[in-house]
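Chain IDs A, B, C, D, E and F follow the sequence of writing; residue 1 opens each chain.
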Amino acid sequence: MIRTRKMWEMTWPEVKQAVDNDMGIMLPIGSIEQHGYHLPLCTDSLIPTRLCLDMAEETNMIVAPPVMYATNSRPQSGGGQSFPGTTSIGGITFINELEDIIREFMRHGFQKITLFNWHMENSNFMYEAAWLATDKGTNKDVKILIMETPFDSFDKATMDFLYPDGFPGWGVEHAAMFETAILLYIAPELVLMDRAMDDGPEKKAFYDKLPIEPQFTTKSGSLWKATLATKEKGERIWQELKKTLIPILKEEL
Amino acid sequence: MIRTRKMWEMTWPEVKQAVDNDMGIMLPIGSIEQHGYHLPLCTDSLIPTRLCLDMAEETNMIVAPPVMYATNSRPQSGGGQSFPGTTSIGGITFINELEDIIREFMRHGFQKITLFNWHMENSNFMYEAAWLATDKGTNKDVKILIMETPFDSFDKATMDFLYPDGFPGWGVEHAAMFETAILLYIAPELVLMDRAMDDGPEKKAFYDKLPIEPQFTTKSGSLWKATLATKEKGERIWQELKKTLIPILKEEL
Amino acid sequence: MIRTRKMWEMTWPEVKQAVDNDMGIMLPIGSIEQHGYHLPLCTDSLIPTRLCLDMAEETNMIVAPPVMYATNSRPQSGGGQSFPGTTSIGGITFINELEDIIREFMRHGFQKITLFNWHMENSNFMYEAAWLATDKGTNKDVKILIMETPFDSFDKATMDFLYPDGFPGWGVEHAAMFETAILLYIAPELVLMDRAMDDGPEKKAFYDKLPIEPQFTTKSGSLWKATLATKEKGERIWQELKKTLIPILKEEL
Amino acid sequence: MIRTRKMWEMTWPEVKQAVDNDMGIMLPIGSIEQHGYHLPLCTDSLIPTRLCLDMAEETNMIVAPPVMYATNSRPQSGGGQSFPGTTSIGGITFINELEDIIREFMRHGFQKITLFNWHMENSNFMYEAAWLATDKGTNKDVKILIMETPFDSFDKATMDFLYPDGFPGWGVEHAAMFETAILLYIAPELVLMDRAMDDGPEKKAFYDKLPIEPQFTTKSGSLWKATLATKEKGERIWQELKKTLIPILKEEL
Amino acid sequence: MIRTRKMWEMTWPEVKQAVDNDMGIMLPIGSIEQHGYHLPLCTDSLIPTRLCLDMAEETNMIVAPPVMYATNSRPQSGGGQSFPGTTSIGGITFINELEDIIREFMRHGFQKITLFNWHMENSNFMYEAAWLATDKGTNKDVKILIMETPFDSFDKATMDFLYPDGFPGWGVEHAAMFETAILLYIAPELVLMDRAMDDGPEKKAFYDKLPIEPQFTTKSGSLWKATLATKEKGERIWQELKKTLIPILKEEL
Amino acid sequence: MIRTRKMWEMTWPEVKQAVDNDMGIMLPIGSIEQHGYHLPLCTDSLIPTRLCLDMAEETNMIVAPPVMYATNSRPQSGGGQSFPGTTSIGGITFINELEDIIREFMRHGFQKITLFNWHMENSNFMYEAAWLATDKGTNKDVKILIMETPFDSFDKATMDFLYPDGFPGWGVEHAAMFETAILLYIAPELVLMDRAMDDGPEKKAFYDKLPIEPQFTTKSGSLWKATLATKEKGERIWQELKKTLIPILKEEL
């Protein structure tokens, strides 16, 4: 029995007890990043935090305080760094911070660590931090799952339910249907649905360009259709995510 | 009119509006650090976050997401880094992170920034970050208040109310009466009052020693008497803090 | 008229002339990384270098010396860092190095820069370097294309030609059909085709795990079927790449 | 018997002998910082160096060359970084330098190290360096005393002697009575007593502000009354410091 | 038997075989730096790479990909950093990169490593990297030769042959007779001999000055007489270098 | 008229006056490094400090506190890092520290800066620091002389006087005749002449090797004959150095 899964609300003896009971620890990693006219800056941080908390009981893990200040937004995945509100730290500092946090978890005695991310720009930086924290992969006393993306794909039925009119690709699902639907399910009080936009960049590309050109981003910050979101879709996504992730966490750690 | 003072729950146009309305921004800075048998690890982060939120309206500021992962705990101010649960980042990384965040606030257009800290070990590192972020003090487009400690002293009446049996010095007020009282007032659900201890180090000194020796810290992690805390004292402290801080924020920024 | 497109074989007045003639500069970025039993360690560096050289005339650019020492290999995209021969530098150092090189190009006077990468693990680190080199995107005197991946997708006819028995996904195309075919076309003398393997990891996942587990990588280092490669496929790929990239380079810069 | 306590005037075999004889080593840490119209820039470096030398015999220690270039001056403790002459290094570099020096002492074989500081702004940075140099407190082969402040308090008789008209608080004792008196005692040739000022900031606060505002600092650089200094007070301070410190050094190391 | 000495053209099992056969590894280190009107930017990288390859068989070593982006050019040894084309990275980044590469060689299992440099400005930085990579000289499992300069002196007969009209000192042999002759021998196709200049700085000094003053460098970038170069001199130099270096490599490693 | 040339003994208004009078500033840079059985660890720091002070009047400069903790000793120039007493900081930290100090001099208003070094291992690191401090050579408001070596050569008469039995090369003049003679002249009280040794490495080379092999260094730490030193030779050296340096300082700054 454990009083709470939120590490930050635990006392230190409770953390010790979690370690003694061979529990694992999940670190939610997100961003403070513009999410259109209608979603809060913390969207990328809120989703992984809630998801980790929602999976903690079943996977026998606790959840560390989320890393909210994270890497720079890129135009085609997050709208780019030019929106007011988007508050990022450099990639080098992010690596250093994550490495320190992982090493602290190891000092506490945790042997099962999951880095759970929702901000695509954090990819590779997270792996680098875990690589360094495990002494370039030579420390065998710990297992670290690096989940830079929360899933691989959904089944056809789910996709049909979510995208009855066709799937636009994950690339544009920033502050659009997917994230809006999740927030309508987990935190409807934070969604200004009446300001939700169907938007999209004038131009998409497999490359990026600096300085940022307006055509690669959008006016609202949403990269696709936010108005298609419903609470039902959010619930479906949430269930699918848990269905995917819980067995992995159980098996791998 | 502003919908919320929590920057992380704002949309980016709301942040822009805050900037356009000449609002300031407060950054709560704390720690994830042991706070005895009875207080949560987030104590140092929760207090400044709540206090900033509580002062935001009156000072015309918004509140950024707190920096919870911060500098190493020291034996005589926080019990030291050997407790499980205490989760810190190196001082260098902390400086770099703060500098980046401050520069982001400046990019958004904020001209009034307050760094509000509750974790004594962050002192000097915070000033260094602000020094760097203002290009070694030469950037005159912004005003930054660096509040490494939240107050100077309380008046005699308050001290008599808080410490009827004598004041032990601020140095030992870690996870003891002061912080416990505050949490009983602002977040009683997070206090395990039945586990609160009256504790104290065997030895106190004006210097530190490494490796950490047990005599300079305590078994529980509380550095003085936690059982003396009451909700009433917490409320009094809270009012005093606000009475001290609000006029400063108004005057200086 | 320009004597050579290889910057490293130019004299400095020739570089000056290139700048004066408003030429751009391409930086090939790769790795020194295991590529199975049959491909050389320089595969990731050779391909972008040759491709850049092959496009230089038509796009009016010159080609800088390739960055061959790059970021750590990951198990599911490059087999991971445990193979002898794979020689990487840390992500932080990689960012710093790229930033310096880009700033040098800017000092020379180049206003059109392309970072052209073939080693997937370099993604995001490259963007970060470009972000820093442009003073966080505020330097408007230069245009930088950050091509972390060399293409988005091929048309159906091409895919059918390349993968008549079905496409396994780009994720496993490391030291497999795709890269082997390219090398058979551009550098057949470097391919030990008789040692080529059809291999694949026992387990694939959308996440990574440290320390590296054998099931996520392969014995040979190839992640799919190398024996399906032919010179003809390599030629087709090469033409498709050029067909994709040349118009982009012309239009964007 | 030892020829000299100044490490810098020793030969290497003499250092080896000191190690073999189980001597400790003291590192004086100060600053090059404005000290008003009448005291030299090296005041903060001279005092700890002389004090360490004066205690070396009795504590069986030698004294390393002082670290004179140290962290940035802050307005309310040193007048701030805007005076010509104040010559500082960044806090990050200071941490790195101290860590290296401590590790060198450990390589020599010293098992008793004292970091003895007189420049308040160095606090916390010093502890961080020692923390890192001891591999985050896990190296048990050495004992390090981190003396960021040279004393806790003086007894009443001493205070009455030093401050017959009342004690203004340690916070303003920069280039004022205290330091002037010490220099009159240990290095009168460096004191321009005829230029000594009674000065003080227009405004004092428990927080700092950037960019630096004149009201928080002073014109002369002295933060209180320098004219109250006498050689006798300096001698009394010196004896009190030694009376406090020598027993600590003997007991702790 | 070994198929190739170029590590970058090897497969990973071939690198493993090299390690198993107790071969050593040479890392050529150069620059991308102006070399006058007539020599390519890669001169400093090409020479050590070819020399290493030419000595590999006899010394039982393989050759790693050259480090071409290296430290800043200085006015009196390379003409200075103001020529377009000279493309350098900072000294700190260079140290970090070399340390990483050396550590990778050690991970592969190599126990004999030679850092072979041709760009004088890399001196001391290279040693620092090797010092760090061997854990400050304490790692005894590897032998590293740090060859910052490729020779000490030539015999009189050679000097008379190379400099019949007198030796100007090695200091000015940048893009002059020495390097031109070598390239005429090893890569004549890269020499624009008709543009070769006899040049030299107006002023020579044992110190440097910043910002760079024109009198300490030259218009062409050559620091002495390039027209004196012949292929025969290049061949003689090449033989002398090999005669000097091969016995050292055999004896020391 | 100036009271003292020692910056550290100046008050801040005196530094300001020096700036206002267009004086320059010299930074002595040395080491804390073994210097045989008979010379103090501070030899490399003492010599440049005294020399700068001795030239200050005539060149209209002041002298900053010496940088004594500097880069790692190398076997063939300083005996190497394995002697107890040698106390160094990493090259990266050294660069960062020097950059900061130079920038502070520039902030004070100094337009003429000389970095004057006596520890050969500091070479190139010093230039890098100056390069960075001048914003990669683009800051034209200051002139910096980087004197990594204090002279080029002496005339024949001087050499005959100093080395009547032949000159062994500057490379071995560590803790040998040259430095011993200087100290006999400027600080005879610091020389333990009865312990002076004639020593030398078993083996000399133009390359270095790690880990350090005893044959490349010496037992005493002196690299040549210390017993040949006399006060008269020291005086001659001192006069020659001043004769060389003063005109340069006057002309260049």
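Keep this in mind: a contact is a pair of C-beta atoms (placed from the backbone, for glycine too) under 8 Å apart; a residue touches a chain by one contact, two chains touch by 3 or more.
Quantities reported herein were computed from a predicted structural model and do not represent experimental measurements.
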Item to complete: Using the touch definition up top, find the fewest steps from chain D to chain F.
Response: 1
Worksheet item: Out of B-D, E-F or C-E, which pair touches the same way A-B does, with over half the contact pairs the same?
Response: C-E
Item to complete: Tell me the angle, as a multiple of 5 degrees, of the rotation that maps chain D onto chain E over the C-alpha atoms.
Response: 120
Item to complete: Take the average of all CA coordinates in chain A, do the same for chain C, and state the distance between these two points in whole angstrom.
Response: 28
Worksheet item: In whole angstrom, what separates the CA-based centres of chain B and chain C?
Response: 48
Worksheet item: So what's the Cα centroid distance for chain C and chain D, whole Å?
Response: 55
Response to the item:
chain E residues touching 2+ other chains are 90, 92, 96, 107, 136
Discussion item. Chain contact topology under the given definition, line, ring, star, complete or other?
Written reply: ring
Worksheet item: What sequence of chains forms the ring when you start at chain D and head for chain F?
Response: D, F, E, C, A, B
Item to complete: Spell out the residues on chain C that touch chain E in their complex, using ranges where they run on.
Response: 7-16, 19, 32, 34-42, 45, 64-65, 67-69, 83-90, 92-93, 96-97, 100-101, 104-105, 107-109, 190, 192, 195, 221
Fill in: Touch list for chain B against partner chain D, complex
71-72, 74, 80-82, 90-92, 95-96, 121, 123-125, 127-128, 130-132, 134, 136-140, 143-149, 151-152, 205-212, 248, 252
